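What follows is a pair of complexes built around chain A, which joins chain B in one and chain C in the other.
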Partner chain A sequence: MKDANLAVLPRTWREAAARRREGSWSRVARVTAPYLYLVPMVVLVGVFLLYPALDTIWVSFTRWDGINAPTFNGLHNYLQFGSDPAFSTAFVNTLYWVAGIMLLQVGAGLLLAVVINASPLGGLFKRIIYLPHTISGAAIGVLWFAIYIPGQGMLNSALRFVHLGSLQHNWLTDPPINTFAMILAGIWQGMGPTMILFLVGLQHLPRDPLDAARMDGASALQMFWYVTLPLLRPMTVVVVAISLINSFKVFDIVWVMTQGGPYRSSETLAVTMYRESFVSSDFGYGASVAVLLTAIVFVISVPYIRSMFARVEAN
Partner chain B sequence: MDTVDRRTFLKIGGGAALASAGLPWLLAACSSGSGSATNLQLSNDKPTWQSWFQTEGNQAKSAVKVGWTPREYSDENAYQAAIKTAGGSSRVSDLFTWQSSWGMKDVVDAGFVADLTAEWDKEGDVYSADMRKLFTFDGKTYGAPLYLAPWVVFYSKQVFDKYQLQPPTTWDELQHVLDTLKGNGIAPLGATVDGVWSFLWFQTLLVASDPELYQAVTAGHAKYTDPGVMDVMKLWSQMIKAGYFTDPSSVTFSTRGTNFATPFKQGKAAMCEMGTWYEATITSAGMKPGVDYDAFILPSVKPGVQNTIVIESGPLCVAGHGRHKDNATKAVGWFMSKDGQQEWTKLTGFISGRSDVPSTSPVDKKITDQIKSGNYQQVSRYYEATPNDIVQTAIEEFQKFMLHPNDPTSILNAIQSKADDVWKSVG
Partner chain C sequence: MATSERAVSKVRYGRWAITIVLALMCLIWLGPLWTLITTSMKSTPESVGDTSAWSLPKSPLRLFDNLKDAWSTSGLADGFKASLLYAVSGSALAILCASLGAYSITRLRIRGRFFWFVLVFSGTLFPLQMYVIPLFKLYQDTGLYDTRGGLICFYTAISIPFCLFVLRSFFATVPTEVQEAARLDGAGDFTIFWRMFLPLAKAPIAVLFLFQFIWIWNDLLFGLVLSTSDGIRPIAPTLAGLQSQYASSGQPLVLSATLIASLPTVVLFLLLGRYMMQGLQLTGGATR
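Presenting the complex of A and B:
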């Protein structure tokens, strides 16, 4: 068949003809080229994610001091959770963090988004509230440490200044107040992105249901509760999922402000994982906490996201 | 012959280039340089000592043709993990700093540290036997003494002068000092729950009460529930309740929060027990040794107790599996020599472990003279004197005790429970 005639044939026929004409080297090149493009990412994910993850699971079943060879000790590390008071404290503190972030950060983020969406100065407030998120967690820790430290700390000084000295407190050394104090710092940092996501959701809501509700005489509260909130559900799913995962992983603020102390009273599971591994050199136990933490996040977040998106699609 | 068109060539070439671009980076990430044969790498977790290490390394290079370049880690935990994971291979730095006594045992047992017995023997008895003991395991000595820090009480000369106080030589005199300062609204002694420092007053009071019991407890030969230890906890509790210490939530001995040096300089706090390395912090706060502050050794709680001082020392180690082990040993040999130590003390102001190298600080000189003349026995700091697992539990329990000093029994029981487990596993 002459090449000049190929143009009149369907595209698939032309491709088939071209394939018949190409040599074996070209065929190999055509087949392998896409995989070569994938190699860097596969290598990076394999080396820096999959291998460490699988290795962590293996280490969690061993006793390992980081120097001598790990020795297999079955489920011992996992069974130790029940009798380790530091783990129990860290678990409860992590739940405090999850509850605090889910209720206050997500709630306040939504509230702020609604207010800013209706405010003529919304753009300005949006930038101001987002600003803390641009600061690293470690810097946030240092900043709030200066606010909370007794004596010359800004919070206690402010309380004395407004004649509320009786409310002064050792904010970072009294459990569980130290955890609550750090949750506040975490919320201050995390509220910006939460608010922005809700704001994006609000600004892309369909107008018709809102107009219809308004014409039907719905109050502002009724409109928010029965129209706006259900319409925001896809964005709420995203915000809640991100906040949930982040709240389980809290480490930097706690490590900078209290290092989990005093007497491990403000540790979260992520801090316990680090302390057991790198301070106590009990890498097996540290790895078991890491595996548990990952499992908890996985078990909670995956069904949540699936069920919420299923409801969204059903609606 | 097959032909490769431009498009195919670009596809393969681009894919291969992308694939190979990551490999050198990965290989680089998986290896760590350990310097050259004559310019070794000295890993350490002391970023503020960077210029001292660099200058001393340059001096070593001039003297013995082998020097070093420091490589700092700002986080102690990350540093220890890095050394432990690389210690079994030639990727480790040829030189690294570490802890003494129990803090060193695991890396010695693993063969990560080279035997420096010959270097110590070469120096004869200019280094004390007590100090050598801190680095000796099964008759072999590992690591050169990087610093020697006796634990002393720093006091504000201005505050003492103002209230006409003298450095105490007996416990009764100390009691008078404490009461006078407290009565005048000055926090007598520094204490903190920040970091690891909660062991400080347990160590100090136990050594001042019964140094033999201190050594027995840290070696696992006596229990934390011993009546002698309980007495020390009761004394500590009384002192806390009497208001002799700073608010342990308020001050620190680190860069986190308000360092004790601030109220010390302001005259709001008068004394703190700490290793002599803390002088660098005090002087950087603007206080002059011998003028604004001085130091004394805490007197014994009871008469008749043998003079004892806590000493802290950290080693400069030669990596057992390092690529340039012989050169590293040569460089450390120079560091231990009189010339090396003279340079080092001039740079740092530290007390040298060598008896023939005098201290450059008048405060340190007075303390070292007192240790010699008073025939003080030297004991290791608590942090290194007992296994790390016990230390970590003790630090947590002592933090609890400092904030709630009511129930020493539960505190000591918790530490003893951990100690039982650890000593059983150590054997």
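Presenting the complex of A and C:
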């Protein structure tokens, strides 16, 4: 009771005296001052992020060449998805990316984390695997382009070296191999964070169930499948959501390595969006691809955002 | 007794077997960097031919000549300097704006704390593709297109939501007594923010700066869309342009340029990698 009463009192006598003396103008200043701290952040985010995001939705319902005023054309852009072969190629390629990342980055990343966690040199391996993630997608595109050059590139050279010359390919010009080749580059870049998040999860697992299973004589494989994996579930949800979202948005590597070609055979949705808007000046159609991407990403993120906000409200 | 000893040594052997397999994997993992570095040390004729991927460079010191050539090609030097400016100022301004906001949301008397937070944080929820078309138009209409100021504004804005997320949870953990004590000494809200909260948040601010610096340095999309001339264009789109222009004529030049473009972030990682990986676990990984 006493505490509750104290909380109502002014914090200091000096403050109370100041409040008694102040006029109505300085009262306005005192009440509004705390909001001024929000102004830079809200204005910047509002003007450069939120307004453009909302405006893109409007643009997606128009026909617009970027020069003349946009004209409303309803759902036309969205209906075009069905009849545009470039779009369906991009959609399928994007699904290849998603599947590749899920299988090879998330799946193998989990195994890698388990193995690294058990190795005495884990710290070193962790750094080596993470290193490519610090390099830009543009730089990775240039580098892997060099690796895939048919004659002198490292991949075909390596295949000839181990007498598997028959497996050589024109990695970046034959669809759909060009998409698979770029997915490998993407995994080289993205493996680091995936593995680190799994490692964090593994290091925070409760000891008791693991010890109990060990006492009961469970084999390593049984331990992993029946104990580790279920306990790791919360982190797995986060990693799967992040990886799904990122794999739907792939742009940099594709743009630098093939620009989506040859003949638009290796485009992803993000590349289609860029090409339609900034190469073909069909901004309405480009915007509708962006909105579709957003819709997909939002559906995937629901569980992730929910867990994130649960954490925010908890603290 | 004997069985448990055997079990222990079995586990130990298992660990070293795993380690050897991992070491081999890591060697393969570093293969692309071998290409990057050795090709940057070769002359153009040395870099072609069926066995060139394995041949060692004849004179490794050629690296410096190649780097010098790349540095003066197609505005790479300009791109490097421009990106340095964007990455430093964008991250710093974003941290400043976000820390002011986070301080107000957690510590001052305002209405709708959660609303303001969600409003700003929702800036990270959209795929980047949702921003580019209206920004392109806005920048052309207002004269921000192809200016350093325009790029700094955008990079600041895109960095704010994540900084707010981290700083808000950090400020929430600062005990109220700290603030009360300062107030008793007659310090105003801004003084408390500037003299106490900012210095207290040194560690998360350093991690945020690292993250945002690398993000801005590595950005390709907005550099492509919002700028076009040398001196304004950031490093990643400059490198992409260099690739489409020179990839067929000279790998050493293109890969030397790639080496230059990757150096700052790789050096940061080698020096501060531990904090980067810790930062990742602190935030659960940023979606952007």
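Keep in mind that, in the parts below, the second predicted complex is superposed on the first by the 277 of 315 C-alpha atoms of A that agree within 3 Å, B and C clash if a C-alpha of one lies under 4 Å from a C-alpha of the other, contacts with A are read in each partner's own complex, and residues count from 1 in each chain.
Going forward, contacts are C-beta pairs under 8 Å (C-beta built on N, C-alpha and C of every residue); 3 or more make two chains touch, one makes a residue touch a chain.
Small disclaimer: the values here were computed from a predicted structure and weren't measured.
For the composite obtained by superposing both complexes on chain A, the positions of chain B and chain C are in clash. In the superposition on chain A, A:K126 makes contact with chain C only, while chain B stays out of contact range. In the overlay built on the shared chain, the residue A:L143 is in contact with chain C alone; chain B does not reach it. More residues of chain A are touched by C (comparison of chain B with chain C).
In the superposed model, A:S24 makes contact with chain B only, not with chain C. In the superposition on chain A, A:Q152 makes contact with both chain B and chain C.
Judged by the touch definition given at the top, the superposed model places A:S83 against neither chain B nor chain C. In the superposition on chain A, A:L49 makes contact with chain C only, while chain B stays out of contact range. Contacts of A:S166 after superposition: neither chain B nor chain C is touched. By the document's definition of touching, of the two partners only chain B reaches A:D65; chain C does not. Judged by the document's definition of touching, chain A residues 33-35, 37, 40, 44, 47, 66, 145-146, 149, 151-152, 259, 274, 277-278 lie at the interface with chain B and also at the interface with chain C. Only residues 11-12, 14-15, 31, 33-35, 37-38, 40-42, 44-45, 47-53, 55-56, 59, 66, 115-116, 118-121, 125-132, 134-139, 141-147, 149, 151-154, 157-158, 160-161, 188, 193, 196-197, 200, 238-239, 241-242, 245-246, 248-249, 251-252, 255-256, 259, 270, 273-274, 277-278, 283, 286-287, 289-291, 293-294, 297-298, 301, 304-305, 308, 311-312, 315 of chain A touch chain C when the two sit together in their complex. Considering their complex, residues 1-5, 8, 11-12, 14-16, 18-19, 21-23, 26, 77-78, 80-81, 84-85, 87-88, 106-107, 109-110, 112, 193-195, 198, 247-251, 256-258, 388-389, 392, 396-397, 399-400, 403 of chain B touch chain A. For chain A in complex with chain B, the residues that touch the partner chain are 23-26, 29-30, 32-37, 39-40, 43-44, 47, 65-68, 145-146, 149-152, 170, 172-174, 259, 261-264, 274, 277-281.
Partner chain A is touched in their complex by these residues of chain C: 14-16, 18-19, 21-23, 26, 29-36, 39, 47-54, 96-98, 100-101, 103-105, 108-110, 116-117, 119-120, 122-123, 125-138, 153-154, 156-158, 160-161, 164-165, 169, 172-173, 180, 183-184, 186, 189, 193, 214, 217-221, 224-225, 235-237, 239-240, 243-244, 247, 251, 254-255, 257-258, 261-262, 265-266, 268-269, 273, 276-277, 280-281, 284-285, 287.
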